[in-house]
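Following this line, the structures themselves.
Each of the next two complexes has subunit A plus one more chain, namely subunit B in the first and subunit C in the second.
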Partner chain A sequence: MMRLIGGNGWTIGLAVLLALLLVATKAIQPDFGPSGLDNLARSALPFALATVGMAIVVIAGGIDLSVAAMMAVASVTAAVLMDGASDGQAVFAVLAVLLLGLGMGALNGALIVVTRVPDIVVTLAMLFVWQGVALLILNAPGGGAAPWLRALAVGGVTLPGVPPAFTEWLPRGVVFLAVVVAAVWLPIRRSKLGLRFYAIGSDPQAAFRSGVSVGPTRIAAYAVCGLFAALGGLSVTMATGIGEPIPGPYLLASVAAVVLGGVVLGGGRGGILGPILAVFVLRTVRMDLTLLSVDPNVAAIVEGTIMVAVVMFGAVLATRGRRG
Partner chain B sequence: MKRLLLGTAMAMGLAGMASAEAHGGYKIGISNTVQGNGWREQMVCAMKAEALASGKVESLNIAHRNTDAAGQLEDIRNLIQAGVNAIVVNPSNSEGINSAIKEATDAGIVVVAVDQAVTEPSAYILSNNQEEYAYLGAKWLFETMGGKGAVVYMRGAAGAGADNDRDVGFKRAMAEFPEITVAQEVFTGWQQDQGKQQINDIIAAGVPFQGVWTSGIDNVIVDAFVESGAPLVPIVGADNAGFVGQLSSVAGLQGAAVTNPGSVGGAGVALAIQILDGQMPAEKTVLVDPAIWDNVSDEGKAKLAAAANPNLSPEWPVSVSIEGWTTYTMDQIIACKGPGE
Partner chain C sequence: MTSATTDAPLARLGRLMVDNPLLPLVVLLFALIGVLALLNPAILSMFWASNTLKIAIPLAMLAACQTLTMLTGGIDLSAGTAATVAAYVTATATPLIGAPGAIGIAMTCALAIGMVNGVGVAFARVHPLIMTLGTGLIATGCLLVYQRSVISTGTEYPALLVWLGTGRTLGLPNGLALFIPFAILILWAQRRSGFGRLLYAIGSNEAAARLSGVRVWQVHLALYSLSGVIAGLTGLLYLGMVKTASLSLALPLDLPSVAAAVIGGTSIFGGRGGYGGTILGALILTVLATMLTLLQMPEGGRRILYGAIILAVTALYIRLTDRG
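Now for the complex of A and B:
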């Protein structure tokens, strides 16, 4: 039990922080209830998916600066394919977008492996490429989204036979996120591929000497990141009902959540749950600042300060723990 | 530290609630997704000034940051959670935020979209007439060019609703002048540096043109002509303080400023208050028509002289109020303070 807490201390700390923030939200706004949690989950969804993708490449020792631009490509592609499509056709549109995401990510990874240009340079270049591609697909916000897809992450959970008062507190957005992340990441995490991600992130040379083929593993990590970026783009289209070619503020937010979530930027250490909790912490802070009607120009400073404070606080705790 | 954080948050929350109980009046939420742009800053200041001048607004909740439609959905839903009576929103696009607007109006909140329209029918729209904006300026430009020649068409941001509407107006004017052609069409993204680079490239490339139409990135275009020594051609811009100043100070410049008041934000707040007071407007959509001030006719010169105000930031539109809508004074909008600030 103690070992479990020790190993997951950071994640548990974030969960406690999130719980405290939600209590604070309730204190600020006594009417805060299921609809508030639903709002929080819906607004966190694109950020959370982008963050999971980013966390995976960071764990594998890389970084992907094109994540928001890939989301834009996925969002406009989904919106164009689903515009006027039947429910059945929309299923294929979703699958096509997910494949496109895998492809975009794999291309990013392949370029890094083949050209040996640093990942930060390649993905910065690809950021502009994917931005251009998104504008080529749709030069102005437009397109459509299937109603069933839009309804997937809206409202609270309802279970047959259980009174809604018990289940309405759990937003569908959270369930959607949990299902998607579990379906993609858990099988990878438990397979050799997941171990290899951590291995190449921790020490590529040692991984190579232990028989890990570093190049293909790196490409796989970027491909998974592309897949999550596509899911993030889909979630934007689900929220807005349209595709937007201009990327949203997801790149820096995802890097911030990855760091706040306890993933080491050098690679090899950290998990997925921490960054997801970090996304919710950051969204709750944003919500509280709006509820308190804090001057919007000050709000950004407060958000940044909280991030630095939490990371520094964690670092202090970690050093103390090592000494003791 | 967490306890401290929670304590502070709770204290702030309690303070907020105490002030809410102290006065009556409306609570109005504002959502805007472009920060650091002169026009939008004027819009927000007009909203604050109108809320203060009306005397009926107890507090403003302002969500003002750079984000996309998904982020604006979040902001609007947060404003719903904050329990505001009305939301005045400059939509990031016409369709993307409809779901949150519907949730707000279903909850009994009055929603007014300013500057750009939304397609959600439950929202009220108070907007500058962007099609007319482009038409007025283009028509003046084509007439000044003698009805023939090539024009550089410097648009706004690709995909923005206002840019699409302006394009319709520009094309309408083009249709009336068959001998006018477009020499170059570029998107400035409403960015000063980008627009200046583009006009420098066009001048350097030696493309012949006899006029420039801009979507509000105007003073840097005049600067580029002056700096490069290229012969001046007629230029159309918006009523930004910098360009309005150039129209009277740059020798040999023929130009016209079309009004596009950022104070439409203040008018949106005024409309929201009217609706909350129970006075419904006759139409759900109210368009504010622009005016054109040229530096050739005596009438235009008089209007330009009257509008110039050295106290205004050069990036702000000089038309700081909208007759029949806004009630604040010039000092109030420049002070940029809302109720309780």
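Now for the complex of A and C:
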């Protein structure tokens, strides 16, 4: 059972589950089409980016509870910098936000390494700190977003020279996600750094003895997580056009998606594709509940219960794995 | 904080804090009051002292949840939500079924939240932080659904709770009538009762406790249920104090309650600390909050400060006590 979950079977199973859920959606709502997919992709984008960041930290043997709060900081910073800015200035604003994300993540990692306080406590404290920073930057939802940035994630893909009918079903949000993850994670995964993330995640002692400098690697993992949190915060601003200083429900959702995606809490195993698929599975369930005209608050309860159940299941598996 | 002092006084300070953990807290409390007197000499009065006590009582009670769970190496982030649920249910159900019934239902809800936490921590071995965060989210969702069904019934506050929350006798807040027996019970139970000693045993070394015959799951289940009940009681008292039924009633106490326990010297890793320090921690935080209000510090700045305090104190404790 553990080998099956550890291998690719789990990811394939998730893909099949997602396909079944989409078929079910089509059955519930016969006119579900490109615009429905676009909505799904847009609502899933911040969750997916938060989950990728969380997955990387979990693979490296840590956890980052401040991911939602960092997203809030990135979102309000982007909205404040871009409010009334020209397109050219907005490019710099985006770059600044990404750098800020890297910095926030690196600070989290550095505090863990320097203070020797466990990651879960440090990132809990930093969760409060980043929440405060977001509130200081912007006290209430506001600011603005550059139109070209919004166009990156909203609507279907249109390619010059290709009839729109062929491409409009593919939401831009999915393309954005794929491009970003491919641009950031694939080079890391293929380099020594990616190998080191897995090494310190599975056994820091062994990694240290094979010449991996554990501290800097850990800081790097948190920095990459911060970068993805910043992208997630940007995507919130992209989707809504404003900055949101109160963190959304991304923390628990990202932990649940990471566990459901086959990354073992405790580190060293799993990939990025599984968690991303898991995000879409969870979001599709949410969308189906809405389409079945379930009260949104009840849907939130169902969703929360699913997430807690998934995390509980993952914890049971992790305990079994340690014993076995 | 630590880098300025040299090694020898640091070690001496560490011994002092380990031998006599409450002494530095009392010094800190009076130092803060001294600074407050410098900032605004007119503020210090009997009325101010009594008011500070009144505000500190709910915080100290909610911090009891954190103290007890932290003794086993856990935490209860759903405490604020459980308190809010209890308060809201009491306020809205009193016009329908009378105060005793409403309080009964409210306490049952709080107990249920605690028991769900207990089941997750005891059987599925989910990290308490994630488990309590999840139940907090689910409970908030349930509260939103409940709110819709009682939107027309108005609110009413049981007279006993208002007396406890706002009344004064001989210049002292009536809340003490609830708090003093409560504090004595907790202080007695943590050191003298079997249950209290089991908490320290599990927090110091869970494997050893298990091997010496402790049924750890029973302790966890009872502990988190108790934490839910304490949170419910806090919610009732807080309702009498603020006399508004809102969906985010006790949530502002969530973060300070963790900070109060940490400042009070309870180790977030378990096995060390106690409720006496937590009471002092709650008083320190209340005086600090008065000072921040005087200095007109915005909400964001306060959160940053609380996060920084949690991190700094935890790091300091690790430095002071982990020396070989």
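Everything below uses one rule, namely that the second predicted complex is superposed on the first by the 288 of 324 C-alpha atoms of A that agree within 3 Å, B and C clash if a C-alpha of one lies under 4 Å from a C-alpha of the other, contacts with A are read in each partner's own complex, and residues count from 1 in each chain.
Everything below uses one rule, namely that contacts are C-beta pairs under 8 Å (C-beta built on N, C-alpha and C of every residue); 3 or more make two chains touch, one makes a residue touch a chain.
Remember, it's a predicted structure, so these values are computed and weren't measured experimentally.
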Open item on the list: Quick check on the superposed pair: does A:Phe32 touch subunit B, subunit C, both, or neither? Answer first, second, both or neither.
Closed with: first
TODO: Look at A:Val236 in the shared chain and tell me whether it touches subunit B only, subunit C only, both, or neither; answer first, second, both or neither.
DONE: first
Task: Partner chain in contact with A:Ile120 - subunit B first, subunit C second, else both or neither - done: second
Open item on the list: Applying the document's definition of touch, where does A:Glu244 land relative to subunit B and subunit C: first, second, both, or neither?
Closed with: first
Open item on the list: Quick check on the superposed pair: does A:Ser202 touch subunit B, subunit C, both, or neither? Answer first, second, both or neither.
Closed with: neither
Task: First, second, both or neither for A:Arg286, with subunit B first and subunit C second - done: first
Task: subunit A residues contacted in one complex by subunit B, in the other by subunit C - done: 135, 139, 249, 295, 297, 300, 313
Task: subunit A - residues contacting subunit C, complex - done: 65, 111, 115-118, 120-122, 124-129, 131-137, 139, 249, 251-252, 255, 265, 295, 297-298, 300-301, 304-305, 307-308, 311-313, 315-316, 318-319
- [ ] Within their complex, state which residues of subunit C touch subunit A.
- [x] 120, 124-127, 129-131, 133-135, 137-138, 141-142, 144-145, 148, 255, 258, 268-269, 298-308, 310-311, 314-315, 318, 322
Open item on the list: Touching residues of subunit A toward subunit B in the complex: what are they?
Closed with: 16-17, 20-21, 23-24, 27-29, 31-32, 35-36, 39, 42-43, 46, 135, 138-142, 150, 236, 239-242, 244-249, 283, 286-288, 290-293, 295-297, 299-300, 306, 309, 313
Task: Contact footprint of subunit A on subunit B as seen in their complex - done: 1-2, 5-6, 9-10, 12-14, 16-17, 35, 59-71, 73-75, 77-83, 93-99, 158-160, 164
